[in-house]
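What follows is a single structure, written as structure tokens, with notes after it.
Chain IDs A, B, C, D, E and F follow the sequence of writing; residue 1 opens each chain.
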Amino acid sequence: MTEEQPVSEIPFPLSPQVLAGDTSDVYFLRTHRVMEMEGVNPRVTMEFFPSGDGILCGMKEVLALLGLGQVLPSDGEVWALEEGELFRVKEVALRVIAPYLSFGVYETAILGILAHESGWATAARECVEAAQGVPIVSFGARHVHPTVVGAMEYAAIVGGCVSCSTPVGAQLAGVTPSGTMPHAMMLCFGDTVRATVAFDKHMPPEVPRIVLVDTFHDEPEEALQVAEALRDRLYGVRLDTPGERGGVTPDLVIEARVRLDQAGFQHVKLVVSGGVTPTRIRQFLEVGAPVDSFGVGSYISGARPIDFTADIKEVEGKPVAKRGRIPGIIANPRLHRAI
Amino acid sequence: MTEEQPVSEIPFPLSPQVLAGDTSDVYFLRTHRVMEMEGVNPRVTMEFFPSGDGILCGMKEVLALLGLGQVLPSDGEVWALEEGELFRVKEVALRVIAPYLSFGVYETAILGILAHESGWATAARECVEAAQGVPIVSFGARHVHPTVVGAMEYAAIVGGCVSCSTPVGAQLAGVTPSGTMPHAMMLCFGDTVRATVAFDKHMPPEVPRIVLVDTFHDEPEEALQVAEALRDRLYGVRLDTPGERGGVTPDLVIEARVRLDQAGFQHVKLVVSGGVTPTRIRQFLEVGAPVDSFGVGSYISGARPIDFTADIKEVEGKPVAKRGRIPGIIANPRLHRAI
Amino acid sequence: MTEEQPVSEIPFPLSPQVLAGDTSDVYFLRTHRVMEMEGVNPRVTMEFFPSGDGILCGMKEVLALLGLGQVLPSDGEVWALEEGELFRVKEVALRVIAPYLSFGVYETAILGILAHESGWATAARECVEAAQGVPIVSFGARHVHPTVVGAMEYAAIVGGCVSCSTPVGAQLAGVTPSGTMPHAMMLCFGDTVRATVAFDKHMPPEVPRIVLVDTFHDEPEEALQVAEALRDRLYGVRLDTPGERGGVTPDLVIEARVRLDQAGFQHVKLVVSGGVTPTRIRQFLEVGAPVDSFGVGSYISGARPIDFTADIKEVEGKPVAKRGRIPGIIANPRLHRAI
Amino acid sequence: MTEEQPVSEIPFPLSPQVLAGDTSDVYFLRTHRVMEMEGVNPRVTMEFFPSGDGILCGMKEVLALLGLGQVLPSDGEVWALEEGELFRVKEVALRVIAPYLSFGVYETAILGILAHESGWATAARECVEAAQGVPIVSFGARHVHPTVVGAMEYAAIVGGCVSCSTPVGAQLAGVTPSGTMPHAMMLCFGDTVRATVAFDKHMPPEVPRIVLVDTFHDEPEEALQVAEALRDRLYGVRLDTPGERGGVTPDLVIEARVRLDQAGFQHVKLVVSGGVTPTRIRQFLEVGAPVDSFGVGSYISGARPIDFTADIKEVEGKPVAKRGRIPGIIANPRLHRAI
Amino acid sequence: MTEEQPVSEIPFPLSPQVLAGDTSDVYFLRTHRVMEMEGVNPRVTMEFFPSGDGILCGMKEVLALLGLGQVLPSDGEVWALEEGELFRVKEVALRVIAPYLSFGVYETAILGILAHESGWATAARECVEAAQGVPIVSFGARHVHPTVVGAMEYAAIVGGCVSCSTPVGAQLAGVTPSGTMPHAMMLCFGDTVRATVAFDKHMPPEVPRIVLVDTFHDEPEEALQVAEALRDRLYGVRLDTPGERGGVTPDLVIEARVRLDQAGFQHVKLVVSGGVTPTRIRQFLEVGAPVDSFGVGSYISGARPIDFTADIKEVEGKPVAKRGRIPGIIANPRLHRAI
Amino acid sequence: MTEEQPVSEIPFPLSPQVLAGDTSDVYFLRTHRVMEMEGVNPRVTMEFFPSGDGILCGMKEVLALLGLGQVLPSDGEVWALEEGELFRVKEVALRVIAPYLSFGVYETAILGILAHESGWATAARECVEAAQGVPIVSFGARHVHPTVVGAMEYAAIVGGCVSCSTPVGAQLAGVTPSGTMPHAMMLCFGDTVRATVAFDKHMPPEVPRIVLVDTFHDEPEEALQVAEALRDRLYGVRLDTPGERGGVTPDLVIEARVRLDQAGFQHVKLVVSGGVTPTRIRQFLEVGAPVDSFGVGSYISGARPIDFTADIKEVEGKPVAKRGRIPGIIANPRLHRAI
């Protein structure tokens, strides 16, 4: 895949490892074998609920798994909340009614998908709410293992990000990936303006020209240099001052804006990245720093999962529960029949 | 794969998506194209360093990626710390010297592998150190997306866990997966003793009989019932009291031990799971609770990544750095030549 | 006295030791002798006021003491707030006008009665207010010396408790003592159901059958066993889970309620005891735990006294005061003439 | 009783109410009846242990109760720690081995005596330790109900106080009661010197002349006036400045000492009272304030009881325990055979 | 000058040292020389702004400096806020437009005058606001170097004090200095009443008789003694109890008021001094202590300066700024043309 | 005065206003008049002591005042600690023995000089101690009123600063004033290098060339530009990054050092200013930032005075004291006879 190929709504790729149960807790595999050999396979109702409030994400992937021919039998029922819905702590988000052996080995996978993706989506939503309309882009692929980059970026967009930085995440979410220019490029060219001109020369017109302006000179100075070089073709500049220099401050954004405006570059947008969190977003907005877009990294991609729990609440129609839990289903009128 | 197949040292599976750059930040792909078209491809030295102290994990996977034929050219050099070594904040853990275009697009993947796996390994190590010799098993597969379960469990074992719960993780780490019996099995059988007897009947002898004893009755009571049923064949019992009942307390472990001993079951081991953290482990040990093994879930699997950063520090042998960083390499005598 | 004898409004028993002055600070006895020998005995006004806000208790006992023939002369005057009234810090709660020698030696006793009983009553009131209508029973006799058990339980009922656990307290307060069954009884019988059946057989019908259900088995399990045994004759069960097992949690109450209801025992009430405080009461109510009654121990019986102070404010009608106090009486329209 | 009568070691007065069970929790009375009618009366081992560290007090009174002819049968055994010994949280302080019905109804009384008296003794000990050799006198009778004044003052002396203010407490503890002069006396005489001279005239020589010196004038001024009046017969002065004037400060004590010394009254001792706590005692000592004795009130008399718990640990020689407790006795080599 | 000489509105005395530049940072003197020799002297706009919110003070003195013949040329412009106005953090309080060499060396002096005097005025305002109408007098001359006493007391009055204790401050502010009697006078006379009578005999009638009443006796006692001596000629008494005695407490003020009133001295006012701060003022007012006036010392005179900063924002009409600041003037419609 | 004139040990200039008593609290002037007219003028011993620990400063100025012909008579005695000595809270730092009227009116001035100057010296000492040998220069003239700039800078040097920024302070302390170049100069020249070259051309050789390098470009970049321009004649550069850009960070100092060294400018020193405090000094040193000198502003010049108190302790040889203080002198063997 290259970034230019058309993006469309595609099914979640279901890993053969997951389907084979290799990613399941081994005791589910052992349970499967024992019950099969004993001929025990009751029709059960299993409910899945979260350990905190959040935004539901991963349900599409879970339904894709349960909906495969080889999983639930025809009389299986699945009730679920929708992808992207808010949930409250302990609210039932998913209910599966089927013979236990048909889906029991997937308990680990279902819990993991919902926990991890809901964690990312919820963190993204916190940023989006803090930003009060200023767009947020997911920039955190570098903080997670590449095999979950797609799921993470998909979840960030379910949580409200307008875009993300990787092709795999963008494809899953049906958006165009977003990016500017890295420090490595500036250092290889040895000069920000030279790199910028080359970028402008070779990139297709639909790629916006957003230039990183903190590599060699003071940020407003470098911003003015690239603005002079690209003029109207410059879409924006990105401020990413490292922590060693105090990070990007609201005052720096204000100053860069004024200096660009005074030189006639009112059209150049300001992108802020580097250690952005909901708290810092609020600090920028409170003092009126004119940020046009935030790039958020580890606040989203490093977010803790929101753990989910699965409970068998009925066996052959009879309410049951382990000690500490309420026997029988917990009614939730927000659930809809999904399968 | 089934859990019984022989486990061996296998190479990390390199996902075609990663190799294709689909999980990279798109600006690296664009940089690649621009530099290629401009004929700019300097030999650079890039250094990778962490944002905090920890245990290094993921380096084997990174070296597998860089060592593939199609990546580094023959004159490329790689210097690295060893898998499982301690690192300090900002210490250089990896140095790559090669033409930029040969490996630049993998910056995202390299950073993500090291950050995510080192985060898990470091959290595992904290548990292991708190436990002062009591073995720790990774039980957290249910909190992460199934596609990273293997990497997570591998990292937990690099951090010092003696085993993990999934076949995929166990295979990567070269250990046997570990498990007991789930609540679902007890509820399907409707009786802990009945489930236990069936488990004992069908499981091969090398699987230790560890029975979950909090489903239907008071934990010590249920422990005595299964001990009476399996007697010497019972290896241990697992206490997993839910938070609704106050969780597993040190006093409960002590009481269970005494009641088992008084009934002649001194050989039965006690496994504790449910919300286990280094703080709670220390609380158990401080009052002398006789725990034989801890199962740790989200403290390890939900640990935040330890973010890594990559900096170009030389271009064609000349020291450089972006503003805020020190030009030239940062000497680290602990690095060894890896490629 | 046995618990069955008729309870009536009886006067507070005035201990001969108190009347003899043996419980007074010795300097009052010495002052008495010196003044008598010097012929100094002015008519004084003495005011008593508390060091904090609270519920007045002990005034009946104080008035019984001052009203005895041998104490105040016929022209003595006493003004007081009513038993059970709220008072504010430093508000005058009692004013005595009489020749000093007639009552001076009782200053210690009067202060002690008001301080100790108001402390208990005020703590009881805090529980009652937290419980918003759920009845509170005083269960704290075991935390105080038996010679004050009566006064303590009397004060708890003045503060709003519906009953108390001892015959002596119940008699003073004019209520029926309240109790369930102790762990000692269960352990002597060796079986909760056996003890329950015996209790039911020998107790008169007016004693409600409330069974302690945490001695041998899991609380809901034991609750169902006694409910099956006594069925409609069972009034309630008491949950008293020890701290070693996490104490009684709101979730346990909810679960016990549901399991009893699902088995058809909606009529069985739930009594909660063990470390109950206003804070914990509020935690139960906030999550809707269906508690029918709380037993409160040391929060009430171990409450600190609310210290009182006595000041001479007039001598022979002339305003006086020691340094630091305002000479003359402090008007309080809420006082009424009591003697 | 008058304060002059000879003090001797007398037995604790056992209240008939306590012996009759009227101060017991009613469920013990009911248990007694049920077990008697069922013919259930096993020989049990009951252990009593505290909820915190402290100084044991009340054991003499408990042994007096258990040692009465009508309580334990001849084959009853009692093992106990000594009055005044330190105990640690959960350490067994008392073990009774006897038929349950012989002593079961006294569980409430035994717990209450130990809890309340140990609470007072432990608070007294904290003051004594803070004072590093400066004597402490118990002045807190006015904060507790007069029926427990004796027990409280006895406990204060077990905790290390050198004396107490009431005849009843002094008699129980075998000491001479201690006191100075009250504000009431000064105000009735209208003049501190006049009251002092009268006190000196009428008191027997063994009563030390300690004069309260803050009623009418500045403390050092009034101290000099009474010193001039009594000269060598003056034993000491008491400083009791009220909180409205900032309380007694270390600087006031130092100043009073210097002004008395400069006038030739080096022999006059300084007694400090009013809101004295271990913290304030340490503040006085840290700055070298020359206090000769502290009078402590509500810190001791208002101290919370240290709750005790009683557990049946053997029934007919077989280890038992309710859920949450360890079956069988908890060995404590510090126990000695008391009955 | 004596305190009796007529006070009038006089210009701030401009120290020759300040005018000579001796109090300036030496680099401004060096800059002056270099620019002069290079012939560089652009017309600049310099703005002065504070680092926090406060009350502006010192502007009159700054304008007196800039308005001298030898400083600004005829085409110089000065825009300023008014003395005593509130300012907000970073608000421009002063703008000077003139050739740099005409005023550049005074940057240090202008900043220092505004910072120090605004700091004092702002602290005074906090006291005045806390006092809700009760007058405040500046008593803090003893905490600052005598050469700034005048400026400090002037600022205190700009901040809202009704008077101050020194002739120099009173003259600058156009008020009459205020004072009572010092401890030194009482100790030299050896008797408060004797000193008071002498004071009354020799002071002109317009000096109010306010007597310090804590030197020898208890404050209310000494107050009554001087009231008896001066009767209607006594204006007030000052309470200044030292910290060694707990300082002046609200209760002491109330008690002194009542004792004076009960003796018929309702006309005698109460002045409180000694460690007075806004927090303590509020404590007096909250409990209704009848204070007629507060003397405030180091809270005002020891207040930290509110630092000011000066920025060149235009050079020859062109917006400029150093890095970190916004080029060009910051509009402030509240500024008025001052020169 | 110009900065070049020879500096010598000169007497403190005694302001005529201070000598006339205009800066005294008016009640001392009134006391003087009353005592003179009554013929009361006892020989008194007055002691001066501080409210906290610190470094004594101002004593030279106080002794200059008391030593003038018109103040103390020939039999007056003065005992004092030395300028620059450490003192402890409440330690007597000055004792004057003389007829009261000879010096009483100067109590305000003496207290103010000692309080204010000791406050500054003590703050300076804190910086010096934090800096462990790295020199500190006083840069805070701009935060205080110009009439105390001299006293403040003198005190800073008594506290350990190696130099100060104003001629008046330098002259009082007998040092050479120290300075670099201000932002105003850079902005007037419009270019840092141009201003630097002019400065180098016109300044005498003994003025070290220290250039401010944060006005137009990134600090290391501007540092390299001025180093290229002045080469060996460049003494150092000053980093003063404003708070809007995160202030000077330790990392910036390290980076500037490396970049200068890599370009061959190892001889160029680094001066850090802007919000420097002992805490920040320690942060620089802890990470090894190679600072050659710190400029400290408001931490020293805005320091709170350390209040002093004066007490008459003897009148005609007899120990006296106001209430709350100890009559008679407080021995201090560290005092030496000064007059």
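The rule we apply is simple: contacts are C-beta pairs under 8 Å (C-beta built on N, C-alpha and C of every residue); 3 or more make two chains touch, one makes a residue touch a chain.
Nothing here was measured: the structure is a model prediction, and the numbers come from that model.
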item	value
Contact distance in steps, from chain A to chain D	2
Neighbouring chains shared between chain B and chain E, ordered by label	A, C, D, F
Numbering shared by both copies at the chain D-chain B contact, with half separating same from different	different
Centre-to-centre distance between chain F and chain A (centres being mean Cα positions), rounded to whole Å	57
Cα-centroid distance, chain B relative to chain F, in whole angstrom	59
Distance from chain B to chain A - Cα centre to Cα centre, in angstrom	22
Multi-partner residues of chain F (at least 2 other chains)	216-218, 241, 243-245, 251-252, 255, 323-325
Pairs of chains, among all present, that meet the touch criterion	A-B, A-C, A-E, A-F, B-C, B-D, B-F, C-D, C-E, D-E, D-F, E-F
Partner chain F, residues of chain B touching it in the complex	319, 323-328
Residue numbers on chain C that touch chain A, as the complex places them	218, 220, 251-252, 254-255, 258-259, 262
Residue numbers on chain E that touch chain F, as the complex places them	1-3, 15, 17-18, 20-31, 33-35, 37-38, 40-42, 44, 46, 58, 100, 104, 107-109, 111-113, 115-117, 119, 139, 141-151, 165-168, 170-171, 177-190, 195, 198-199, 201-203, 207, 214-217, 241-245, 297-298, 301-302, 304-305, 307-308, 310-312, 315, 320-325
Footprint of chain D on chain E - complex, ascending	216-218, 221, 241, 243-247, 249, 251-252, 255
